[in-house]
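Some structures are shown below for you to check.
What follows is a pair of complexes built around chain A, which joins chain B in one and chain C in the other.
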Partner chain A sequence: MTTTTDEGVDGAKRASGAPPKKPTKRQRQAAGIADAASGGLGLMLVKIVSLGLVDAIALYALFVLVVNDEWLIAAIVAVVAIFVNWVYFSRKRLPAKYLTPGVIFLVIFQIFVLIYTSYVGFTNYGTGHNGSKEQAVGALMSAALDRVPDSPTYPVAVVDRLGELSLVVTGPNGGVFIGGEERPLEPASGAQMENGVAVGVDGYTTLSFQEIVARTDEITELAVPFSDDPNEGALRTPDGRSAYQYTSSLEYDEAAGTMTNLDTGVVYTDIGTGAFTSDAGDELLPGWQITVGFDNYLKALTDTRLSGPLAYVTTWTFAFAAISVASTFFLGLFLAIVFNDMRMRGRKLYRTVLILPYAVPSFLSALVWAGMMNESFGFINQVLLGGASVPWLTDPVMAKVSVLLVNLWLGFPYMFLVCTGALQSIPDEVVEAATVDGARPWGIFRLIKLPLLLVTVAPLLIASFAFNFNNFNIIYMLTNGGPRDTGAPIPVGYTDILITMVYKVAFTGQTRDYGLASAYSILIFIVVAVISIIAFRRTKALEELN
Partner chain B sequence: MKVNKKGLLAGGAIAIGATLVLAGCAGGDTETDDSDATAEGGSLTVWVDSERVDALQGAADAYSEETGITVELVGKDNNTIKDDFIQQVPTGEGPDITMGAHDWLGELSTNGVVAPLELGDSADGYLPVAINAATYDGTVYMLPYAVENIAVLRNADIVPEAVGSFDEMIAAGEDAGLDQPFVVEQGAEGNPYHLYPFQTAFGAPVFGSDENGYNADDLQLGNDGGQEFAAWLSTEGKNGTGNFNTDIDGDIAKQSFLDGDSAFWLTGPWNVGSAIDAGINVAIDPIPSPTSDAAQPFAGVKGFFLSSESENKVAANDFLVNYLGSEDVQLALFEAGNILPALTAAAETASSDPIIEGFATVGQDAVPMPAIPAMGSVWQYWGIAEASIINGEDPSATWTKLAEDVQSAIDG
Partner chain C sequence: MTTEAITAQTGGSDASGGGPRDTSGIPGRRPFRFGKWFLATGWRHMVGVIITAFALLPLLFVFSASLNPRGTLTGSNALFSEIGLDSYVRILTDPQVPYATWFGNTLIIAGITSIATVFLGALAAYSFSRMRFTGRRFGLITIVVIQMFPQLLAVVAIFLLMSWIGDLFPAIGLNTRIGLIMVYLGGALGVNTYLMYGFFNTVPASIDEAAKIDGAGHARIFFTMILRLAAPILAVVALLSFITSVNEFVVASVLLIDTDQQTLAVGLTKLVSNPRYADWSAFSAGAVMAALPVVALFLFLQKYIVSGLTAGSVK
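Take a look at the complex of A and B:
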């Protein structure tokens, strides 16, 4: 794409009648590409090689995906690859050739993320509801295995006959027993001993450690009944070398969908809430993921513990974003006007200095500011204010002021840059004409410069509003939302904005709720989108000024 | 016409990029999927804190050589390792084993991503606090390798002798002419972990415990001892002696001790290195108690968890219990991390170092940090309540509200 512009510049030069010079390197490159483009054969080759690469990678991806049984993604990759080939091998379809790459990126990085987030917003995904039902049952059953108190460690050998595994067990008194799945232990004859431990039995093949590892699944499943009495439990070997006697405190009935606690007799039923629940309402965790419809949205808006803080955090979020945009814009504009004055000396130096806050990563600056605003030890109180104790970050009101101040410091250079550019693009003739007509500087600014400026800057102000609306860095690094509102039942503070509150509600502490967090994200997305649409419509009115 | 074909060139390049991205995603599946490898002789994927990869590499290689099972160590950022584990295990893409801390246990177990471990007879070889911490709801889920607790670092050049009680400590520092004899990190939201020893000295643990470990139904936080502790904290706060200050965060506390402005610093073994590097003559003392009872810090136990979805459970169990649980490997990990090994025999060897011995002595009084999920409901209110007491709020009312908030959060 850049070559096109180069050519444009080149053409303009030639048109303006500049004397022909020796072509520069870039010009030669551009000419080369142009030749290739018109030549056909070279380009065809490049095209075939590029598409060949794309197809090779797509094939590899398909192979990997199919091996992993990811059929849906494999189908999507195949369709996209065929589409790309179709578009670029065709002689027509010029717009598609431009649009395809962009659309692919749009789908991967924007639309997919949005759809996936809204999907999670309709599930109960979070702590305790992390995987599938099958996994939850497996985890519950393995956790329910209790080693029989004071039972000994049994050295075992894993043996095989006709593909069926058995355990050869050496008892504490030196007796050798053998048993398998559903075949209780019985005395074994013809044991091969080594150091007092049975390592094999006649008629069976002893598995080597490698073979044991290769048949992990069978061995972890293998439970050898200790005797005919099921209450005595079963022997299991976690590592293929030693076995222990376990009893289980849970029984799973797949047909009825129930878990029964064998110690207490309590029956836990799958009642469709994503966890086995007893009649008394106790849940067995882990549960599993289910779709819960609009529950997360209802909870966010109607649960009194969440909706109260949600209301005042929302108010502050709007105030924070609006004040931040206004303050940075007006300071940036003011400085841009001042430094745009030709009479000012050393403008370049001043401008460079003013850009500095913009050059430092914002979360780093926020941390430095947090240190400087420390009440007892901070630079501002200790050095600038001579030992005063201004509660910059610990008083609810002062903390809000501090956040706005630091954000002003971080944000004005951007506005300064933008306004400088926009001011310089206003033709001097306009101002001159106004001056000739007798307009005063304030009038020129208010009636001519500002409207012209806003045409350029208004979309950026909207973008800036949207950015500040979700300005996680500054809040998280400067105050972490604090000072905390000790009256609120959730860990929310006086400077929390929506995005940091969502983060705290969903991700801090040991109880995560990704479903609720996704629902919040979608709500925030809707708010920002609506504001942006309204604001962009309004800026169209400004454009009509031109 | 020219433009058209150049657009095509650029388009081709982007398409390659896009497909690479797709292929990259797909490639990720194969790396961690070890179903193919199992058939050939087995492989284990182990997630390790990036700083400890080198320490474990020798052990991993030796195990591979001995058994023919490939052990692949993946260095992970310690801050994200737990969340990544919880999210990836159900998808079948997680590791077989992960390194972690015992207080993750409640969360890991509630999410069903860890499998029980059977330590067998080797359980007796570990420090009792380590086994205690590795046990959740009566079942062992973690192979412990290190025990960590806080203690008081004393600048022996300023105060040459160990002190008895909290008041003696402050007096000793003041005699040496220090404005702030003792520092401990707090920060705006408080730091209950570092205040806990003092709280236990007043007889107020967070939860009562029974034979299965901590009991979430028995919240002890708000008992009479808790009230006494709150009152004491208030007198030592902003409106009192100023020994506790929420403006002191980790960095300020550290700087104060390193500059010699404070003689006592309540912190963990992770800060000893920088104190020694700064040329401070460091001694490790038990935590001076404000009462006649011992000040018991939390013990944090580090260890390894086995994934519930591991397809190599036998090899993983063998690697953990029979190999990582050996004295040599525990000592190798100790040398990398410089914290007390969890295996008693290794711990005794390591205690020849006076710093380690100092922390180990304090650790004998330590109690394992509760791993039950109810603890999550405690953390979110605890620090903030302590911070506001330090800053002059009414201790009794604040502490009562803390206990009520925690209880209602636990009850849901």
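Take a look at the complex of A and C:
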């Protein structure tokens, strides 16, 4: 900053020493704006109020995090909050003042999720493996709860604190206990008694009859463990007034790490795969989350049932992105040349019409095309082709052609606009000089205009390739990846590109496999990053940063 | 130009009849030769007509379908055979399809995202453009490189992160619009910042210096001068960011679970997931209503968008 101040002083000297010049329009404009810009107090006020808001939110977040025992996150929040205050109350740290807000979001929602994705890629996270081992044990035991046939009846009251339900239980000898989901019974203090039965506890709100009726499902689901030992079973209340003892048909032996099914006698052991497994190989699900190292990557690349789809999806992704860029670029360039003729009338009208496909949100256009390309009812088959039944979206090859055609429709206006701009920025003198030297139009185009155009358009072509490489919308909306490859164990189809495959592995189908999906994500990222870096190196786009 | 055009209109039909040759003697009115006209610009109009048909066909189709009172896909095939606003009424009143809510959600999410993106991006671009500090070059390159990892690749991690946040802070976690906006703002420092950075560099630094001499602080220079002088690029970035958010499907579909929290992209896509049984006219009406404001904005800002796009390419 000091350097700019010096320049400013120099500038002032020069201004005072030199004869007064008539200010340019820009200077007058700047002076006017600077004059109008009074009110430093207002800015200060805005700053204090916003910082106060930030601090209030940070304090609230700290409170919630500490209550939930998230100490590490709480520490991070505290450090960030202190850093923000330090930056904005300091007189220096000017760049930080301008960068901090954006960087906070960037760090959490781009960089952190990238790191988190690579972590998830090393786990077995997914359907049946989405919690800790304790949660899995608890879930297994409570799923297998059966009412003890001669269980005594415990009078209970349902109480609420912060939306979380608990049961107040009066024991056989008059003792009062309280407990909730995952919170074993413990002696309660401050019980309110009525006819020898506890009806409430200080600090909790007792549910009225109407509230019990309204929250019936929640209450009947509630299973309060008797003690820390899951084998002792739990209390459940079918009506919100009396509870019965339930024990599990599974017995958990923590020391040996085994689950025994008391009905069948089968022993399930923790063999390190994230689920209790019997000798016969049957798994008790839900299991829990473990890190599995490179298993997901190995599975994706070497399991023949998965590597086959991965190979053809990857090939198609490259082909799709490359053909999309090439086709839109050449059509756009062709149109730019055609309409870039001063003698032609109505160029503005054509340009407006050609912008339209680019202006309509692409998810809408893709859905409209999907309707038009419907094999039996679509506009193209029924009207344009007079009742033909071309399988636009249902045949593996035709579906790919359709995807490319629709993407051409979506993408050529952008290339048309960009090429028009680039063509118009080529100086006329260059073309004139070439004409004088006897060059023919085709030669001028091929040897002069195209190279000049490519210099300016190349970075956009790379960006366009990267965009199409992950062009989720068109695939998902048009074909949904179909037609489906029925042989593959994951829900993948012949027009799926890598990103839609990731989405399907993670979020559709009967089993969700977050671990495998994340591994795919990281593989895709590596591919895209390598291609982009090579391409940018080639075009030297990054080297122009100063 | 004009005289040629007039002759083009009158002479185009009987170009072979030799009529234009009769007028060749009149000064200032050049003879019209169809062959020459065709070679110069006529064929360009032929290309223009073909490409216009290609560009407009789906738009005409969806517009005609939206006016069709009958709901099926087959019924929509005869373009503009029946005209009525029934399907518009249907999609706006169907209790199963909270179209107005989706529309509102989309406007809120995309609107706030685009304004905040421009603001955060402009802050960063200003510091990159006007200040020299350690890590500046690294920061600029990071912004370009980080873009290569699109958020939708991390959708699993985003989902897990937001569901964790939702357990602790239900107001900003999973299934909230604020949560989705925050996720989108992760991309605020990106290509947009780079675009604005380039534009800020073209604003002469002498303006800053003049203001500094007059006693303006950095904040005042940024808010009252730079932002105003850079208004065209800010508008373009805001519009592009708005459209990106309107179009965004993956993250929105994963984070927004309840039907009345969803956006148009998520809701309308589910609506026609099976075109055979979908109420196609109602969908078309919804699509037309969703597209019209964006298209209008686009045409209105056409000049700026074109210059903004080419600013990204032409140095």
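One rule holds for everything that comes next: the second predicted complex is superposed on the first by the 336 of 546 C-alpha atoms of A that agree within 3 Å, B and C clash if a C-alpha of one lies under 4 Å from a C-alpha of the other, contacts with A are read in each partner's own complex, and residues count from 1 in each chain.
To be clear about the criterion, a contact is a pair of C-beta atoms (placed from the backbone, for glycine too) under 8 Å apart; a residue touches a chain by one contact, two chains touch by 3 or more.
Quick caveat: nothing in here was measured; it's all calculated off a predicted structure.
When both complexes are overlaid on chain A, the residue A:L367 reaches chain C alone and has no touch with chain B. By the touch criterion defined above, A:Q382 lies against chain C but remains apart from chain B after alignment on the C-alpha atoms of chain A.
In the superposed model, A:R147 lies in contact with chain B only, and not with chain C. By the document's definition of touching, both partners, chain B and chain C, reach A:I108.
Applying the stated contact rule after C-alpha superposition, one finds that A:L51 touches chain B and leaves chain C untouched. Once the two complexes are overlaid on the shared chain, A:S278 sits clear of chain B and of chain C alike.
When both complexes are overlaid on chain A, the residue A:V77 reaches chain B alone and has no touch with chain C. The wider contact with chain A, measured as residues touched, comes from C rather than the other of chain B and chain C.
By the touch criterion defined above, A:W409 reaches chain C but does not reach chain B.
In the superposition on chain A, contact of A:M477 is made with chain C only, not with chain B. Shared contact residues of chain A, touching chain B in one structure and chain C in the other: 1, 3-4, 33-34, 37, 43, 61, 64-65, 68, 70, 94, 97-98, 101-102, 105, 108, 371, 374, 376-377, 480.
Within the complex formed with chain B, the residues of chain A that make contact are 1, 3-4, 33-34, 37-38, 43, 46-47, 50-51, 53-54, 57-58, 60-61, 64-65, 67-68, 70, 73, 77, 80-81, 84, 88, 94, 97-98, 100-102, 104-105, 108, 127-128, 130-132, 135-136, 138-140, 142-143, 145-147, 153, 209-210, 212-214, 216-217, 219-220, 237-242, 244, 285-286, 371, 374-377, 393-394, 479-480, 482-484, 486, 489-491, 508-512. In the complex of the two chains, the chain B residues touching chain A come out as 1-16, 18-23, 26-27, 29-30, 33, 38-39, 41-42, 67-69, 83, 86-87, 89-90, 106-107, 109-113, 115-118, 120-121, 137-139, 188-189, 245-249, 251-252, 308-309, 311-315, 317-318, 321-322, 373, 375-377, 379-381, 384-385, 388, 391, 398, 401, 405, 408-409. The part of chain A that touches chain C in the complex is made up of residues 1, 3-5, 7-8, 11-12, 15, 26-27, 30-31, 33-37, 40, 43, 61, 64-65, 68, 70, 94-95, 97-99, 101-103, 105-106, 108-114, 116-117, 120, 125, 335, 338-339, 341, 343-346, 350, 352-365, 367-372, 374, 376-379, 382-383, 409, 413-414, 417-418, 420-422, 425, 456-457, 459-460, 463, 466, 470, 472-473, 476-477, 480, 499, 502-503, 506-507, 514, 517-518, 521, 524-525, 528-529, 532-533, 536, 542, 545-546. Those residues of chain C whose C-beta lies close enough to touch chain A in the complex are 1, 4-5, 40-41, 44-45, 47-48, 51-52, 54-56, 58-59, 61-62, 65, 72-74, 76-79, 120-121, 123-124, 126-127, 130-133, 136-137, 139-141, 144-146, 148-161, 168-169, 182-183, 185-189, 191, 193, 204-214, 216-225, 228, 243, 246-247, 249-250, 254, 265, 268-269, 272-273, 275-276, 280, 283-284, 287, 290-291, 294-295, 298-299, 302, 305-307, 309-310, 312-315.
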